[in-house]
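Note that subunit A is present in both complexes that follow, paired respectively with subunit B and with subunit C.
What follows is the complex of A and B.
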């Protein structure tokens, strides 16, 4: 309960900060709408030319885009702003302001991961869910209640995967405080816009097992379209749990390198 | 006009940028991901067949060329012009005994060199991995070079004009974001122009965006007849004249409107 109350406080503080820059709201709306339009048109243009690519048609690829947008929105809501503030030349690690976080009597990883929120991402979230709904209507496969449940489960594991990978990338910042590891991740994450099966074999392996961004969106989309096998789902759950534990360990390991700003 | 000073400035900027090359490499990495995604998606979609006039190899060649052309014509200066105007950083630049355009030019050239150091080897490696069959014809290469230079000038002055609106509006860079989305859709990034759906394709031929990225690549890969190339150059020239005109006007009126910030 204590942690939930803390998160409540973090959200309130973040919203107050955001409200100070109200003109930004319209710029944000613009960016969100633009990325939605370009995302959808990208798929429309592709499927004007071909009907299916390796088993993916327009509706299922749209569902995958919906998953991608939803995950991006959740990332922007809290994981992103919290973790990004560690990296870069004006980040907490470079400037040594991580001291203030470390001194607080709460779990370090908890605090580092949820202390900043960007409420505008709720608009992104609504649009992502909207795209998902549109895709479900378009799908030839009727989505059953079990499909929905498995979809929700895989979406949650998707968020956990995303969080774990970001935590690993951010932990690397302790070795090289100025390097924008999260930007590198941003680039790779964009590849999750399209199903894994649309990439060549070697890249598929990388996006599934080395930096599993492809898994995050492909698995929930397959759950919706009914193309997910039970064995694969189990493997996915195990992978996610393993990665989450590994990432948490790696963060604690990296944190030991932190030497504050003073010499 | 103090041209010698300008040349020294260009050298100094280049040297200082090389110091931070890892930062710029990360940026360049992020920019080359979208074309890479479409390279993989389209070449997978083509498989053993052809889409329009494009085979798998044609898509690979097209998008590898696009990675290079996009990076060469991309002008990140356009994003910083607005900041310089808003923050009052324009003052020292105006006081120097040479045209302020040299400053922009210096960062442009420094940027091109630093980014190419990253993008050219990566593209070469990709070409070696993917091994597309390709032969360029001499006359296409000859026509490609002026088209590329004009594309760079057009993209640069077009964006420069938009950025100069910062003299009047504080968040003019929102327009640059819109411009980037239009470039994504209409310049041949999401798909080669001939594959766009009917109305959009016709619009793309007459709007300026194709002439910033797609047009030179279409020439290089031999997709255009001599008549189409001639027509393309004409449209490109017209838009360049427009861009030069309005960026020049905006600079003249803007600089009178400019009131410095700071001490």
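What follows is the complex of A and C.
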């Protein structure tokens, strides 16, 4: 309950900070609409040429885009702003203001992960869910209640996977405080826009199990379209648990390197 | 309350020569040097006591303070504060301490301090009624009712520092670490903050360790000082005793219209500490300072003259060289 209340306070403070800058609001809306248009346009152009690609038709690819947009929105909602504020030249590690985070009698990982929220991302989230709904209507396969439950579960684990990978990337900042490691991740994350089956074999393996961005979107999309195998689901759950535990350990290990900034 | 034993911290710092070639070379074969920031520092502080860590820039004051707050792991040595080992960062320990850093802010920049205070109160689980009472008391003591509703970025440095103190004391910590709390403040704001700290220390019996290189902070607030130089503890004790040893000297800063030939006319027993063009810094014994000043004004073409206490850096330097202790 204490943690939920804290999150409530963090959200309130973040919204207040956002409202201090009005122009940001409009730029954010523009950003969201642009990324939606380019996303859909890409798929439409692709499926004007062919009907299916390696077993993925228009509706399932749309479902995948919906998952991608939803995950990106959740990232923008809190994981991104919270973790990004550690890195870079005006980040907490560079400036040494992480001192105050370390002095709080709360789990540091919790504080670092949920203290900043970006309410504009709710617009992104609505659009992501809208694309998902459109995909469900387009699908030939009827989505059952079990499909929906598995979809929700895999979406949550997808968020956890995304969070764990970002936490590992951001922990690297303790070795090089000025560098935005999450930018490197952004490049890789773009690949999750398209189904895993689109990529050549070796890359598919990398995107599924090494830097598992592909699996984050493909598994929930398959849950929705009915193409998810039990073995793949199990592998996904195990990987998520393992990566979450590993990332938490790595963050604590990296934190020991923090030397604070000079006086 | 605080026991520190042989506390030491060594940093590994990369080092390279000037120039492009050296930069490229260090990319592949970096050169590291071990720097001992704090070396075998030991002292104890009683509950409710207020002491000052003194020393010039880079002496190791802040590093010591950060180890005591649990922000840095020491290379050697132990410390116990209120029964806890600081760098284990146990939640109960963190609840009983607080830290104010003169050049860093824990307030959210774009919103009024009052909102930051509420988040802090929640993090430290301060019950609503107690939160209200503490907040009202601090706002009243610091006379800042008009300040707390303005966004932090619109506050002056002094107003912001008052807010930092409120944020640090909201949950009534038992130990307070203050790192250069008066840094960059104007004289009257420094004075007001000092008065507040002295009053708060008396009323709430909070144990305070303060670092500063403003001697005035120390003279007004702390009866006991711990001097650190090059990471080593060189004096721990009564400020009065130290100032009695320092008291014999005053510094006279002189600007002359012309210096030609006048240097030889200085009265005996005067030490020339520094000479830069027409400016002179002299050291004289306190008992003679009035007479010497009168003599200087009479015999030399004086444009400007100031009689000062020796600056803390000079004092510590003398202490370090064994001249005074």
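The definition used in the following text is that the second predicted complex is superposed on the first by the 262 of 263 C-alpha atoms of A that agree within 3 Å, B and C clash if a C-alpha of one lies under 4 Å from a C-alpha of the other, contacts with A are read in each partner's own complex, and residues count from 1 in each chain.
Please note the rule applied: a residue touches a chain if its C-beta (ideal position, glycine included) is under 8 Å from a C-beta of that chain, and two chains touch if they have at least 3 such contacts.
Small disclaimer: the values here were computed from a predicted structure and weren't measured.
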Touched partner set for A:179, first subunit B, second subunit C, both or neither: first
Partner chain in contact with A:37 - subunit B first, subunit C second, else both or neither: first
Subunit B or subunit C, by number of subunit A residues touched: B
First, second, both or neither for A:48, with subunit B first and subunit C second: first
Which of subunit B and subunit C A:201 touches, first, second, both or neither: neither
Residues of subunit A at both interfaces, subunit B in one complex, subunit C in the other: none
Subunit C partner contacts - residues on subunit A that touch it in the complex: 2, 5-6, 9-10, 12-13, 16-17, 20-21, 95-97, 99-100, 102-106, 256, 258-260, 262-263
Residues on subunit B engaged by subunit A in the complex (per definition of touch): 22-23, 26-27, 29-30, 33-34, 37, 40-45, 51-52, 170-171, 174, 177-178, 181, 184-185, 190-191, 195-197
Residues of subunit C that touch subunit A when the two form their complex: 11, 62, 66, 69-73, 89, 91-92, 94-95, 97-99, 101, 103-106, 108-111, 115-116, 118-119, 122-125, 151, 179-180
For the subunit A and subunit B complex, residues of the former touching the latter: 23, 27, 30-31, 34-35, 37-38, 41-42, 44-46, 48-50, 53-54, 178-180, 183-184, 186-188, 190-191, 193-194, 197-200, 203
